[in-house]
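In the two complexes that follow, subunit A is the common piece, with subunit B as its partner first and subunit C second.
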Partner chain A sequence: MEEVKFIPGTHSKYFKRFLQMMPPQTQKGDTQRLMFAFFAISGLDILNALESCNAQHRQDMIEWIYSLQIQPDDDEESWSRCGFMGSCTFKLQSKESREYQHSHIAMTYTALSSLIILGDDLSRVNRPAVIRGVRALQQPDGSFCAHLGGSENDMRFIFCAAVICYTLKDWSGMDMPLVEDFIKSSLSYEGAIAQGPGLEAHGGSTYCAIAALVLMGRLSIFSDEQLDRLRNWLLMRQVAGFQGRPNKPDDTCYSFWVGATLKLLDRYQFIDKKKNREFILSTQQNLTGGFSKWPDNTSDPLHTYFGLCGLSLMSEPGLKEIDCALNMSVDAAKRLEQIQTWNS
Partner chain B sequence: MSETESSGDECVLKCKKPAFVLYRNREEWKDVVPIPQADVHNAVVAINYSEKFKDVYDYLRAVLAKQEKSERVLKLTEDALNLNPANYSVWQYRREILRCLKIDLRRELVFSAKMIHQHPKNYQVWYHRKAIVEMLGDPSAELELTKNDLEYDSKNYHAWQHRQWVVQTFGMFDGEMVLCDTMIEADIRNNSAWNHRFFVMSNTTGFTPQVVAAQVDYTLQQISKAIHNESAWNFLRGILCQTKDGISGNIKVNTFCENLIASNNISPQLLAFLVDINMALAKEDQQAREKVKELCMQLATDVDTIRHNYWNYLAQTV
Partner chain C sequence: MHGRLKVRTTEQEQAIKRKEREQKVKAYKAAMGRIMKIRGNVELNDEMLILTREVLQRNPDIYTLWNIRREIFLNFKKEKSDEEMGKLVDNEVKLTENCLMNNQKSYCAWHHRGWVLDLHPEPKWTKELALCTEFLKQDERNFHCWDYLRLAAAKSGFSPLKQFELSDEKIKDNFSNYSAWHYRSKLLPLTHPDPEGNALIEPGQHSYELGQVESAAYTDPNDSSAWFYQRWLLGRDCSVAQRQPPKPLLCWLGPHKAIISFSKHSRLVPQLFVDGQTVEGEWLMESKYVWVLKHKIGSVDQIKKAEVVTEGGRLELQPSSIGLVAVVAEEGQEHNQVVMDTLKGQLKNCKLLLTLTPDCRWTYLTAVFLMQAIDIRLFHGETMEFLDKLIQLDPLRAGHYNDLRSKYVMEFKLSLMEGSFGVQESVSLSQCHLSSLYHFNQLALVREVDLSKNQLTDRSLPALGSLQMCRKLDLSHNCLVTLDSMPSLPALEWLDLSNNELTKEPGRVDKNLRNANLTALKSLSVQDNPCYGLLDLEDLLQTLSFK
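The block that comes next holds the complex of A and B.
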């Protein structure tokens, strides 16, 4: 079989196009534009291509992100709504529609991460308001909802909450013991972690839980035995690329979800890198750029971003190293450390 | 592909519905001044919205700003959701209107079922369903709904999750083991069905010796049909770990594994299971440690070479 060549330049162009204008089929992502921006911004950073976006363009991106911040008003209750929205679709001025002006936890997370990657110092982030907004989303069982308008609650938003608290160096955004309880009770009989108690163990929720625990400094809630069982489950996910659950097809993004978790648990060295790389590149779309979940599918920003991350974990030349818990380049993570000069 | 997913504006030729009339051209909406989206200058990740999308959402913004709650807005939210079922604010608005107008929620269940059918992997449609069922306090349609969805995609995480919520909230465990049997019969490798089996047992019989014995028999039977099926092996490990003897203490299971080896029916999952059995004994038993090394060598060099680095590591560190 002819070896597929990795074409980083084409992927950079793909992300730059998305940053400008996304095609009509992304209408269904209208409330998540910030998340798409994050994939492109962090993706370009990992591709070492962010510097080639001119300074004005980067500043425009920073301004756009800040335009999505929700600030508190005189009403004490308004603090629960703070953070970032995903888009300006319902950013309205009317008092009657105030209840609809609330943050989305994944958008707050991707906003903060994008700002750091773009070189912003987070000085215009209303830290106490963002933290109060996150805390308002925690449920009695320890999990988090995404927003106040009626939302599901699961492991994804625990990860978002953890990154936000870590970034702003303020863990009052969560009741940590409750989060630990939820994660422990989401460990399935398979030895890996589901979206919630009783549900099926899954590569994505496992990443979210482990990355959150690493950021919280609380990986110790699991015994060595439990961690070894989990490591084994994760390693069993490799088919050629990685699958998210037993007996499912491999899918590019799991090269990151499962791969990054293995890195965090110090077992990534045991994967078959050649087969993993071959699979990821088999989902590369040479004409349009980007990666898709499976070979011969249309590429999308999520699979493009995580395909690149999957390659970066194997030290693919030309790609930056990733901080696996924060899900950004190590460069960006170092910059975060430098700007975290505020007192907790 | 459903009617509403075809490019809406050319719908008239493909479906029986009348052509979509933009809201700005509707007499009955003349009283509303649409509000265009207020993005900043040089916005990022701009979307190239269709004309219909802009029209619908411009009108939605206008009525949302005034919090109008009426049948016409309910219809508008339907159009908005068909264009973007992930817009959680529209779903929130819709629920407010349903409450305010005291709309018959059974009518909403019909709409909800249609949306789930069209967008089975969307989080918001499933959350909305849960919210309506909670408001109604009536789960009678849910088992059929999820079963129908699972017929299209037997591993849909959302469908299984909704079903688990219904069954647990309303105490409807009665037919669930039979469902698992049926789904496993249809696809022995359906990991979601195996997980549901464990979930049902945890919430009903528990893991008494009698129940475990019966489930071990069942699982060994399924393994015999497909010795590479990781789902069955994981389930077996799971139920044994609920017993005081753990993974290594079940004679039937040990004999079964030995028989597979003896008849040369080797799979990576079988050998990995034997590694686990022997690892459990390895602390006190030198023979078990040697067995682990032997099994790991076989896995690394022959049976599961993709993970050879891992098996070699285990052999060295046992």
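The block that comes next holds the complex of A and C.
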């Protein structure tokens, strides 16, 4: 079989086009545009292509993100709604209808990360408001909802909460012991972590839990034995690429979800890199750019971003190294560290 | 993101599609605009319901629109009669069903369905179970549906036992049913707890479960879910798991120095008492498991009583040829007779299965775990054979199996030393196929270690930090490259690094050696390495001893 060539330039073009205008297939994601933007922004950063976006464009993006921030008003209750929205679809003018503007935890997370990657110093972020908005979403069982108006609650949003608290260096945004309890009770018989208690272990939720614990400095809630069982489960996910659960087909994004977790648990060196790379590249779309979840499917920003991350974990030339727990380039993570030192 | 297959269309078809999409986008924007304008206006609730329904049927993932419907329904609850409420909720439930037909994995649709059904005056939760069964027939792995199934079962007032029977049905239908094993693993401790409190599950049921797994494994040995379930049944989660604090394993007190090695990472500073007095000095965590104390006592010969106090207990030290020492044998996995018999029975089954299906890696892997749990020494040879076989059958995970090998080899060697390892003068681990280093905390008092002719990489260097009493270390014939994260080894006098792959990169190896606190080093070999000839050994040794 002819070896597929990695075409970073085409992927940069894909993301740049995406930032200009989102294709119609993504209409369903209209209210979550900030998350899509994050895939493109962080993706371009990892491709070393963000600097080539002109400075004005980057500044415009920063302004757009800040325009999605929800500020509190005189009402004490309004603090619980704070954070960032996913798009201006629900941007309301009148004061009465402002009580309907709620942040979405994944949008708050991607907003902060995108700002850092774009070179902003987070000075216009209303930190106490964001943190209170996050705390308001925590459920009695320790998990987080996405949205004050109500939504499902699971491991994804725990990860979002952890990154937000870590970024703003303010852990009052979560009751940590409760989060630990939820994670522990989501450990399945297979030795890996599900979206919630009683569910099947899953590569995505396992990443969310482990990355959150690493950021919280609490990986020690698991014994060495439990971590070994988890490592075993993760290593068993490689089929060629990686699958998210036993007996499911491999899917590009799991090269990151499972791969990054293995990196965090110091076992990434045991994967078969050649097969993993071959699989990821088999989902590369040479005409349009981007990666899809399976070969012969349309590419989308999520799989493009995580496909690139999957390649970066194997030190693919031309790609930046990633900080596995923060899900951004090591460069951006260092900039965050700098910002945090300035502020203390 | 759901996989969307690429479909080729003609130019004409593309043009038509584009126009359709444009119109859809226009309609969407118009609807959203109106929705935002009238939100909160109770009089326009009916219009609101129509508008949001339109949008949601195409875009079921817009949280806010579901929230708006919830706000309206909360209002309805206050004003409408039971009969009206029933009809409204029924329609709402139908709406979620339409959305689910569109996307069976829509978080919002499942969430809303569960929420709204609670507002029904007479919710038929048992009907929901039937719905779940239908959805699961189409996709057994739909975890949204499984989550909803548990909700429906709980709301139906199903006891854990009844839910357990549900899972039994699902497994009998199809053994390859991961989610069902799951469900079961959560219910078993509730439905069949061990009355004695010694284990998670009552022994009779435990055996039954193992039987189920056996059937599953015989039906399809390549189905990993059954093997994982079996491991869980046999593992320590199912025996009362006590989270133990780090225990002190080895302790040594000599002139100016004391060393304590722990069973696992200990964050608390230990305390040393000699003849009733605290010994002052500087405690440092030299490696993950080892604490070292620099103290002022010049001679330990006259000491009558020495004791170390840690978060995991106290140890009394006794005089020995090398100073004052305490050694605690680490408890291996204690299994009572019943468990042992179970494990042995399971191993027998595995071996039988291997005669029927000799190429199943899961059987080999399970057999390896079982053998290591039963008797490390008895099964060492066979374990190594099976690991070789695993590498053959499952080359994708060769690195992992070699890592397991390294662990088991170490455990085997330690089991041979039994008791004397604490004060052993030297340990040979040469040519042991080691690619990783495990249990080095057990070698904290050893003076000579031979690790030559293995496959060690830089990654293994931190484990050597436990060798705080080691004078002679042979690392020749390995795969070391940079020596990054070479730990601090102040007792080391003789180090052989020959026949590795030490890099030519200017200053790299040199810097790492200088940072390793090798203040006692007298002899260093780096022959047969790319860096040989570039390192000024004499100068290096001189500088090191001045530090």
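The rule is simple: the second predicted complex is superposed on the first by the 339 of 344 C-alpha atoms of A that agree within 3 Å, B and C clash if a C-alpha of one lies under 4 Å from a C-alpha of the other, contacts with A are read in each partner's own complex, and residues count from 1 in each chain.
To be clear about the criterion, a residue touches a chain if its C-beta (ideal position, glycine included) is under 8 Å from a C-beta of that chain, and two chains touch if they have at least 3 such contacts.
As the structure is a prediction and not an experimental result, all values here were calculated from the model.
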Superposition on subunit A - do subunit B and subunit C clash or fit: clash
Subunit B versus subunit C as contact partner of A:22, first or second or both or neither: first
Touching partner for A:223 - first (subunit B), second (subunit C), both, neither: second
Touching partner for A:135 - first (subunit B), second (subunit C), both, neither: neither
Which of subunit B and subunit C A:248 touches, first, second, both or neither: both
Subunit B versus subunit C as contact partner of A:236, first or second or both or neither: both
Touching partner for A:263 - first (subunit B), second (subunit C), both, neither: neither
Touching partner for A:292 - first (subunit B), second (subunit C), both, neither: second
Subunit B versus subunit C as contact partner of A:303, first or second or both or neither: second
Subunit B clash site on subunit C (candidates 1-9, 109-117 or 307-315): 109-117
Residues of subunit A that lie at the interface with subunit B and also at the interface with subunit C: 24, 27-32, 89-90, 92, 96-97, 100, 104, 146-147, 149-152, 188-190, 195-196, 198-200, 202, 232, 235-236, 238, 245-248, 267, 269-272, 275
Partner subunit C, residues of subunit A touching it in the complex: 24-25, 27-32, 89-90, 92, 96-97, 100, 102, 104, 146-147, 149-152, 188-191, 194-200, 202, 220, 223-225, 229, 232-233, 235-236, 238, 245-248, 266-267, 269-272, 275, 292-294, 296-298, 300, 302-303
Residues of subunit B that touch subunit A when the two form their complex: 35, 37-40, 42-50, 53, 57, 61, 64-67, 83-89, 91-93, 95, 123, 126-127, 130-131, 155, 157, 160-161, 164, 168, 189-192, 195, 198-199, 202-203, 229-231, 234-235, 237-239, 241-242, 272, 306-307, 309-310, 313
Contact footprint of subunit A on subunit C as seen in their complex: 1, 3-6, 21, 24-25, 28, 32, 36, 39-40, 58-59, 61-64, 66-67, 70, 107-108, 110-111, 115, 141, 143, 146-147, 150, 176, 178-179, 181-183, 185-186, 223-225, 228-229, 231-232, 235-237, 243, 264-265, 395-400, 403, 459
Subunit B-touching residues of subunit A, taken from the complex the two chains share: 18-24, 26-34, 36-37, 40, 60-61, 63-65, 67, 88-94, 96-97, 99-100, 104, 146-147, 149-152, 188-190, 195-196, 198-202, 232, 235-236, 238, 245-248, 267, 269-272, 275
